[in-house]
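As structure tokens, here come the structures.
The following pair of complexes shares a single chain, chain A, combined with chain B in the former and chain C in the latter.
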Partner chain A sequence: MSTPNETLEEILDLAARHFDVSRDTLAPDDDFFAKLRIDSLKALELLSRLEGHFGVELPDWEMQGVTDFRTLSERIHARR
Partner chain B sequence: MLEYRGDTLSWSVEDHVVRVELHRAPANEIGSEMLDDLERLAGALPALEERARALVLYSSLPAGFCAGADLRELWRRGETLPASERVAGVREFLERIHAVLNRLDDSSLTTIAALHGMVFGGGFELALACDVLVADKLARFCFPELRLGLIPGFGGIPRLERDVGNAVVRDLLLTGRSLNAKRAHEVGLVSQLVGEGQALPAALATAAQTTKFDAGTATAAKRFAKPVPYERLAEEIDVFCELLARPAVEEGLRRFVNSADPLPYLP
Partner chain C sequence: MTSPSPLSDLGNPTSLGVALTRAFARHGDALAHIEADRDRENGRLTYRDLEARSGGLAAWLAERGFGPGDRAAIVMSNQARWHVAAAAVFRRGGVLVPLDFKLSAAEQVALLAHAKPKVVFAEWHLLRAQGGVAEFASLGIADVVATDVPPGQEIARPAAARATPFDETTGAGAPSATTRDAGAVPDEPAPISVPPTVERAPEDVACLVYSSGTGGRPKGCQLTHGNYLAQFDALAQLHPLGPGTRYLSILPTNHAIDFMVGFLGPYFRGATVVHLRTLRPEFVRDAFPRYRITHMALVPLVLKNLETGLRRRFDELPPLRRAVFEGLVRLNVALSGGRPRPAIARRLLRPVHDAFGGRLEALFVGGAYSAPDTLRFFHRLGIPVANGYGLTEAGTAITLDRLDPPQPETVGTPLPGIELTIADPGPDGIGEVRVRSPMIMRGYLDDPELTAETFAEGWLCTGDLGRLTEGGALQLVGRRKNMIVTEGGKNVYPEDVEIAFAGLAPDLCLFAAHWLWPGTARDERLVLVARPDPERPSEDVLFAEIETRNRRLPEHQRASAVLFWSEEFPRTASMKVKRGVLAEYLRERSAPDRMRPLA
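And then the complex of A and B:
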């Protein structure tokens, strides 16, 4: 079982890899919409990738209002 | 008409397989133009069924298969009308789309939906009219209608009831949540789960396989295994129209259509 910090690091790695941005430019409290330059459609794609990677399901209402990597990681960690 | 190139969809026949491509940006929303083209497809099915054995339905747009009904267009068409006339206009639209989907559902062709990205609302209902669903791992399935105070209106509930257990139907309808492709595969909605970008090649390979079997036997097997639930489909239109007439729905739709978000149906 990963720690919350390991989950966060995995999310940042995955986001950098799939949205073609340098991992060094991503920080836990960044707004991922702004930092990854994604719209709500791409955010849905990110959600699918994260669910696949971590083997979890995140109901849509748990994602409402979530914009930073840290909160995203907390929600995923709670479902693991 | 064995080949057609429209503004919202196109089709052609190759190796006894009809390829139907949806291409109305941004996300194949089903409005009056798409409905006209879908009716052309339904009208062409008798000729296509003479020439082909399978049909593959897919989207060439990156956003996904289909985001569902073009609620903005439907709303604007009825905005200035009294409530009763607005409901009558929506009922007419629903009866037309039901006729198309019922014809597709009942086609003698083996119909395969190749799915990626958004498979939402009416897009999900379009896919459910097909015999076999092939999805890439990033496809997402959702019935967001309850968020607007409505139920799915393009035949989604009766077809979902036909295909999966009632607990899955309730989960999708009553929570409005989106399911990822893996989960959709696990619950039996999706027949084949494939890698990113592989839904169309997998669907075409499946279609090629189906052309090897006796056409009459395949049609008999399909009609026995997948009866069209006409009675429940007609009931769904009635319930949808009853709900549509309520002020709460009108307000929900008004908020939806006035949203600045280009893809407001997303969670």
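And then the complex of A and C:
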């Protein structure tokens, strides 16, 4: 079982790789829509990717309003 | 020429509560609702189940002193409990306040403060987010009812409110009728005595619907029971849904369109509604064949995505098969006389129709501007996409394309019972669209001033500009009011967006592209017009700063391009920019290619 911080790091690594941006430019409290320049459809793609990676299911309705990496990571961590 | 009204089947009810109660009894064992999540099914409800659960909840509401005229808000994504809660509120003669669950928590709290509901039904995590807004604690709500409560978690509530998990309020068990929910039934084994449905008069308010989420001034449209019944009557004459109809509801039910065609309409007629709790494209696609979907409503943006997906598939066909396919499309158009006829097209163009489950009878599109080419694309494939136009204030739909034959350059002709006129038309026939019908709202809650501005001698002034074709179809050309509706059906108030750029330039103004260049750029892109300060550094520096701030805006508010304009903006005495005058200037003196696209 990993720590919340490790989960957050993994998410940032994965997001950087998936959207081909430099990992150094991403910070935990960044708005991922703005930082990754993605729309809601692309965000769903990222969610599906994260689900596969962490082996969890993230209900759409629970992710409503989540826009930063830290909250995203908390939600994922809570379900692991 | 009188045909029996679709409402006569239900004994001509005068209120939504009575109509629903009668429909539940009439269709008893028919399948009313399917709730699915990904590839699983959460549960199915018959009309009898809906009757029992909404009855149980109505009894609970009665016990809490909730009665005629009291307001109850729903802040939930689409699921069975939404329908159960709404039906129970109507059975008590209450006023329903359907709020957009996609608004920010602060916006939701502001609307709750304006609507002053006695009861709020909401998903647990939305309440938790609202709990983070300072004003939430002091809301005068008596009861908060939460769905989707994780085990062992507290429900966020205003200080004076009680909190109850949803499944403890319906008495008849959890709305998702599966054994896994059996544990949710409360301990009281005594049979619930369901109070009789409260009658309401047609002129009583049934719903308070907020037609704008953002912008300082909440616009709470008061729609009556009579408004909704008249709208249903008109739509059912054109599309008489019935047993066997499977309606896939992907628009939020708080949206006026889905509230009518994905809730009231199907239930009044004994049809089945399918809710998906996940809207990821792969699961939506699977739902068509799995649930044998016959009808769906969507916004132009989703329709365009479907078109893009299909075009990509066609482009991947090997040349020979592609040629055969094109031939079949032409044959389909010829055989059907240009009208989309699924029965013919399903045979000729089977793979395409199979992708939609092979049962599709109609897709309704509305809420924003649809490109004629997109509509034509579907019509040629024999997929009946009916474009429409409506306003919350007008009781949802005003016009609908009858597809006989399709008129993709228009939004169709007025529904039965609607009078539509073009006020003060110019030489080109263009003027403001005004509407009169039994479906028009009673006015905005607590805002007589705004209500007075919206009506002229009994006509609802839509603020939209249009003209009528010879055949009486409506062609929309732009909007009189400042409000911009995006392709996704979201309302954008330019003033809200301009605030985000405050201080960067002495003059700033946001427009929809078609406002500036009607006819050449009839799309919904947002264009920010800015006058650079001559004292400040270069345009490039300003551009970079605009780009940064633009990215922080919610997606639907982001501008697609900037137009730098060096002249001072025309202003009123109170220093408000004269948008119309400015638009005229820009229209005459600048070309769309002078815009600088924003990343």
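We take it that the second predicted complex is superposed on the first by the 80 of 80 C-alpha atoms of A that agree within 3 Å, B and C clash if a C-alpha of one lies under 4 Å from a C-alpha of the other, contacts with A are read in each partner's own complex, and residues count from 1 in each chain.
By our rule, contacts are C-beta pairs under 8 Å (C-beta built on N, C-alpha and C of every residue); 3 or more make two chains touch, one makes a residue touch a chain.
On a predicted model such as this, the values are computed, not experimentally measured, just so you know.
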| item | value |
| --- | --- |
| Touching partner for A:R49 - first (chain B), second (chain C), both, neither | first |
| Touching partner for A:Q64 - first (chain B), second (chain C), both, neither | both |
| Touching partner for A:R37 - first (chain B), second (chain C), both, neither | second |
| Common ground on chain A, meaning residues reached by chain C in one complex and by chain B in the other | 39-41, 44, 48, 57, 59-61, 64 |
| Contact footprint of chain B on chain A as seen in their complex | 39-41, 43-45, 47-49, 51-52, 57, 59-61, 63-64 |
| Residues on chain A engaged by chain C in the complex (per definition of touch) | 31, 33-34, 37, 39-41, 44, 48, 57, 59-62, 64-65 |
| Parts of chain C lying in touch with chain A, wherever the complex brings them together | 37-38, 77, 101-102, 104-105, 123, 125-126, 129, 148, 277-281, 305, 551-552, 555, 599 |
| Chain B to chain A touching residues, read off their complex | 27, 63, 117-118, 137-140, 142, 175-183, 261-263, 266-267 |
